[in-house]
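Multiple structures follow.
What follows is chain A paired twice: with chain B in the first complex and chain C in the second.
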Partner chain A sequence: MDFGIFAVLAQDGVTNGAVYALLAMALVLVFSVTRIIFLPQGEFIGFGALTVAALQSSQFPKLIWLLIGIGVLTFLVELGSALRQRRYKPLPRRLLMWSVIENLIYPQFIWLLAHSLDWQGMPMAVQILFTLAITVPLGIMIYRVAFQPMAEASVLVLLIVSVGVHFAMLGMGLFIFGPEGSTTHAFTEWSTALGEMPVSGQSVVVMAVAGSLIGLLYLFFDRTLYGKALRATAVNRKGAQLVGIGTSQAGRMAFGLAAGLGTLAGTLIAPLNTVGYDTGFVVALKGFVAAIVGGLASYPLAAAGALLVGLLESYSSYWASAYKEVIVFTLIIPVLAWRSLTSGHGDEE
Partner chain B sequence: MKMSTKKLQWLMFGWFFVFPFLPVPGYWITIGNYIGLYSIVALGLVLLTGIGGLTSFGQAAFVGLGAYTTAYLSTTLGWSPWVGLGAGLVVSGLAAALIGSVTVRLSGHFLPLATIAWGLSLYYLFGTIEFLGKYDGLSGIPALSVFGIDLSSPRVMYGVIWLCLGGCLMLVLNLLNSRPGRAIRALAKGKTMPEAMGIHTAQYKILIFVLAALMASLSGWLYAHLQRSVSATPFGLHMGIEYLFMAVVGGVGHVWGAILGAVVMTGMKSQLQDLLPLLLGSNGNFEIVVFGVMIVLLLLWSRDGLWPWVAGVWAKFHPPEPEVVAPAIAPDGYSDLPRRARPQAGALILEVSDARKQFGGLVAVKDMAFEIRAGEVVGLIGPNGAGKSTMFNLVTGVLPATSGEIRFCGERIDQLDSRHIVRMGIGRSFQHVHLIPHLSVLENVAMGAHLRGRSSPLAAALRLDRHEEARLLFLAAEQIRRVGLEEHMHTPAGSLALGQQRILEIARALCTDPTLLLLDEPAAGLRLKEKEALADLIRQLKGEGMSVLLVEHDMDFVMGLTDRLVVMEFGSKIAEGLPAEIQNNEAVLAAYLGGVE
Partner chain C sequence: MSADNSSKPVLETRNLSVRYGKVEALRGTSISLRAGEIVTVIGPNGAGKSSLLNAIMGALPSEGQAQGEVLYQGQDVSHHAIELRLGKGLALVPEKRELFTTMTVEDNLVLGAYRRRKAGWSYRDGLEGIYAVFPRLKERRHQLAGTMSGGERQMVAIGRALMSDPKVLMLDEPSLGLAPRVMAEVFQVISHLRDTGVATLLIEQNSRAALKVSDYGYVLEVGDVTLEGKASELAQNPRVIEAYLGAKH
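Moving on to the complex of A and B:
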């Protein structure tokens, strides 16, 4: 292998690694705030990419139907829980008003917007923003419907619910998008060369977007009160509740962010790869491997793990392409062995 | 609740044996075969997840290992399927031991995640390796035969599968109802309690992971010779997830829940696959949506699965009987159970000198020194936050001391872990009781007798441990009588009052045959009557020659009870002496009531 190939593979690895880093961040975020292992992350990758593709080919983004449906469901769940608590406290009218706006009116507004504008001609950034306007509320609603009622359950029960949601979303994905995958337009045709190494504009965009998002997340968690509140929830749920942090809000926030990051990851890979409704699962699992390298707790370590996964995948696709997936997923065993040897003693449940 | 629903269980199981003799269509037999195969895997998961508290999404990969091993050996090499069975078990067992040993020391959620990755990588491996036929898999696998009798018909295979399931059930039930079984049940309570009973938690975790993998491998072997061909698809992650679903839906804490879960899920899936395309058209994968939604709904409705509900309904008509009963008279060999030599009254047994514990910059225990002599009841008291519990943790081995020495009967214990300390004769109770709520008082107390027996898991599964088991249960029952809980012998421990639960913990500690008993805030949260009963018990134990160290902050409780008091504040000893002296000690009064500045 000469330096040229080496450099191209490295570039590929870092580009993919940047996407995995976004996913790993989202997984660490959701796990630390809610103790939920967020398997449906993968569906947001597919849904995001396919919705952008639909907008670009001037089809109606059918994901909006799912948003409307789950919106109605969420409203019913909130209405039901308000009615059930009527014996102890008055009907929370303001909250229900908001619920109507968020869950019933907003999706219809999006529906109107999708119909009334010409999305095909818009710049790609606007198309992506519109996609986020669909998927982020979807993530929040899913938390509200499936997870919030059992937020206190064990990690195992939450994990199984997570799998249930993954199955349901996967099936809906097939129904909405069909079995065919799509690609989206390239972000840019621009490319350059760094010495002897050709650099594609696509890679630059992916790295820049991922890098700045990671920076923003860092600022958010380190500098803002809201970010600190989320971290407090992660450390001690009860304690956070006692000092007035709404842990349900924190959970919704985490899911909204995770859905957004998943969608972005999807749109970042879609110009180069054909993305189908079920592509995301394996991609998200690679994000998982990265997150596990970070011990599901540390953002910088998770990002480092993501780069490692990306590079490993890229080089193993050159030397042993058939075993690419095997190598990436087997990485987890030595990583865990190392963690096990370095950790002092087992944790108490 | 783990009370007997035996009739219901065997009724359920018996029905499946009658089933193939009925004139049912072949399709039903096929479904019955799959239910049997799935149940074997789910049974392993119940042992692993519901009872031992570890989760695996990778069982399908172990099924695949079992299936591919026998497929390769019997087609390419032309060996007997029976060799394939043995080889598959060995391969799966070794793989499980490897994965288990790298993950058991990490906290709970790493094992499930590791198994997801492992399940995926093995799935891709099956689909990539040349000699395993890549994604086409291997076909032409011979049918099973015994002594020349051909077992290829589905109805005959049904018998084979359900016999295997029955065998596994027997072994698992036997195992759970034994000394190693109680150790496995204790695992779900974290690490501190089982280790304090002398249970090697890491070993037992690896054991149940290997056992679950072996059952999965057996199921894979049966699958390969039933189907006569294997390919990668049924061993993927989705199947691994479905196995876990079956166990959870049936009731992951209950052995019989495995079969119930397999029946419900297999039945539901086959119905959904037939029904939904009729209702909703066939251009979507609706069964997976409905499937996912039903899982979420079921868990919202009942987090413990279906079996507890079924058993509850059954129990209304058939009052349960206790399942584990101690022999009424001392069994043979009971008097031969090894007992520790009692130190002479007044001999020095515990000696703490300059013990220190630092957490970063915080010195929680600062150069503490005190001693306990045989037959004494010593109280370690002090206001909240004085470092009493840390001191307690140093003596019991939950934490290692930063510096200084702690000696028990002349031997240093400050760097030993709790599993070794209990072996030397220090028994303990917990401030927040650590019990298995659904097990009876007898079974909980018998956990303390872990070190008094030695029967292996294999002997237990084959019921070769019954003599020893009778001795251990009798020992436990004796301790229950000793502390006065005999009325509640078969009551689930979770339904006792807090005071009784504390006393139960003392009985459990007594099973370890201690010479020194450490009680961590035993009176906290108790009502007056309960405190009196507890004080009476401690006096009675002292009368029997036991040495006791009480960590307390309730002054009144320790005053009339102890021979000597050691008072701590801010990690240091501020006073030591007879209770009456301590009551008038100015430093102590200042610590408790606030001094005059």
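Moving on to the complex of A and C:
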């Protein structure tokens, strides 16, 4: 292998690694705040990419039907829990009002927006923002319906629920989008060369977007009260409850952020890959391997792990392309061995 | 601030029971405290003291169940979530402190005011108030809470609770594991809080020091209040002296 190929593979690996890093961040975030292993992450990748593709080909983004449906379900769940509490206190009218706005009116509004504007002609950034306006509330609703009622359950039970949500969403994805995949337009046609190595504009955009998102996440966790509240919940759940950071509020925030990151990861890979409703799962699993490198707790280690996964995947696709996935997923074994040897104490659970 | 001692209690429990599955930790306990008062609950380990505080705060572990009334300023809050009780003016410093150990002292304090958002109030004002009480925390404000000494951690925990501007502060074993000198400092702060109109409900292993700063006391044994009275009188009670103060006299 000469240097040219080496460099091209490195560029490829880092580009994919940047996407895996976003996914790994989201997984670490959700796990550390809620102890949920966020398997439905992959669906947000696929749904996000397919929704942007639909907007670009002037089709109605059918994901909105799912948003409306789960919105109704979420409202019913909230109404039910409010009615059950009526033995002790009056109906929380304001809370229910908000629930109506968030879960019933907002999806209708999005539906109206989708119908009334010409999305095909919009810049891609606006299309992506509109997609986020669908997927982020979807993530929050899924937390409310599936996970919030059992927030105190054990990690294993939460994982089982997570598997259930994953399959349910996969089925709905097939129903909504059909089995065909799509690609989206390229971010840019521009490309350049660094010495002998050609650099595609696409890679530059992916790395820049992923890099700045990671920077924004850092600022969010380091500087803002909500970011600190999420970190606090991850460090000490009881302490967080005692200062009034509700477990469910933190969980909703984590799911909203994770859904957003998954969607963005999907839109970043969609111009280069054909993304179907079920493509996201394998991509998200690679993010999961990266998150495991970080022990599902450390953001910098997870990001480093993501680069490692990206590079490993890229070089193994050159030398042993048939075993590409095997090699990447086998990485988890030495990583687990290394982690269990270096960290002496058991999990706090 | 006005210590409105003659009026109604700011916090009262009526027939408060706590059970964990089949185990009853607290049986029909009724206590009360008024604004600006320091009330201490003494008793052996496992008498249900921590359960009492957690039940008042609504912070029992999920397998624990509370029954009975918790009245805050005459209103039953026993079915309110922690956030609501906190917003009304209850705050708990738990036995294990439950600090955010990988975050700085200042972040811990700022998060104490998470629910306290009012126009014209900035957490900076709150921080200055806490630093005035605990100057050491100001020196260490950029240090990670997990790297502090036991006494400093206790200060952070109390400071974090005070950031929510409580009317009733509940302290679960504040002197646990502290050196005598640091312990004296903590008790000094507790008695200083009385002057600001905050009512303090205190649980202490060190009954002698606790009764010294308190106005009123309860003795809790195997889930029941077996004795109550003015702190100065409890400290003279032969049974209390024998069981909790030690035969040091």
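Please note the rule applied: the second predicted complex is superposed on the first by the 345 of 349 C-alpha atoms of A that agree within 3 Å, B and C clash if a C-alpha of one lies under 4 Å from a C-alpha of the other, contacts with A are read in each partner's own complex, and residues count from 1 in each chain.
What we mean here is this: a contact is a pair of C-beta atoms (placed from the backbone, for glycine too) under 8 Å apart; a residue touches a chain by one contact, two chains touch by 3 or more.
Keep in mind the model is a prediction, meaning the values are calculated, not measured.
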| field | Comparison of chain B and chain C by chain A residues contacted | value | B
| request: Check whether A:A229 is in contact with chain B, with chain C, with both or with neither, and answer first, second, both or neither. | output: second
| task | Considering only the touch criterion stated at the top, classify A:R144 as touching first (chain B), second (chain C), both, or neither. | result | neither
| Which of chain B and chain C A:F329 touches, first, second, both or neither | first
| request: Give one of first, second, both or neither to describe whether A:I292 is in contact with chain B, with chain C, with both, or with none. | output: first
| If you stack the two complexes on chain A, which partner ends up touching A:E152: first (chain B), second (chain C), both, or neither? | second
| query | A:I245 contacts which: chain B (first), chain C (second), both, neither? | reply | second
| Of chain C, residues touching chain A in the complex | 57, 59, 62, 79-83, 86-87, 91-92, 94, 96-103, 107, 110-112, 114-115, 160-161, 163-164
| said: For a test of understanding, state which residues of chain A touch chain C in their complex under the given definition. | reply: 85, 88-89, 152, 225, 228-229, 231-232, 235-236, 238-246
| task | Going by the contact rule at the top, pick out the chain B residues touching chain A in the complex. | result | 49, 53, 55, 98-99, 102-110, 112-114, 116-118, 120-121, 124-125, 128, 189-192, 201-202, 241, 244-245, 248, 283-296, 299-300, 303
| request: Give every residue of chain A touching chain B within the complex, in rising order. | output: 37, 146, 149-150, 153, 155-157, 159-161, 163-172, 174-175, 282, 285, 288-289, 292, 296, 322-323, 325-326, 328-333, 336-337, 339-340, 343, 345-349
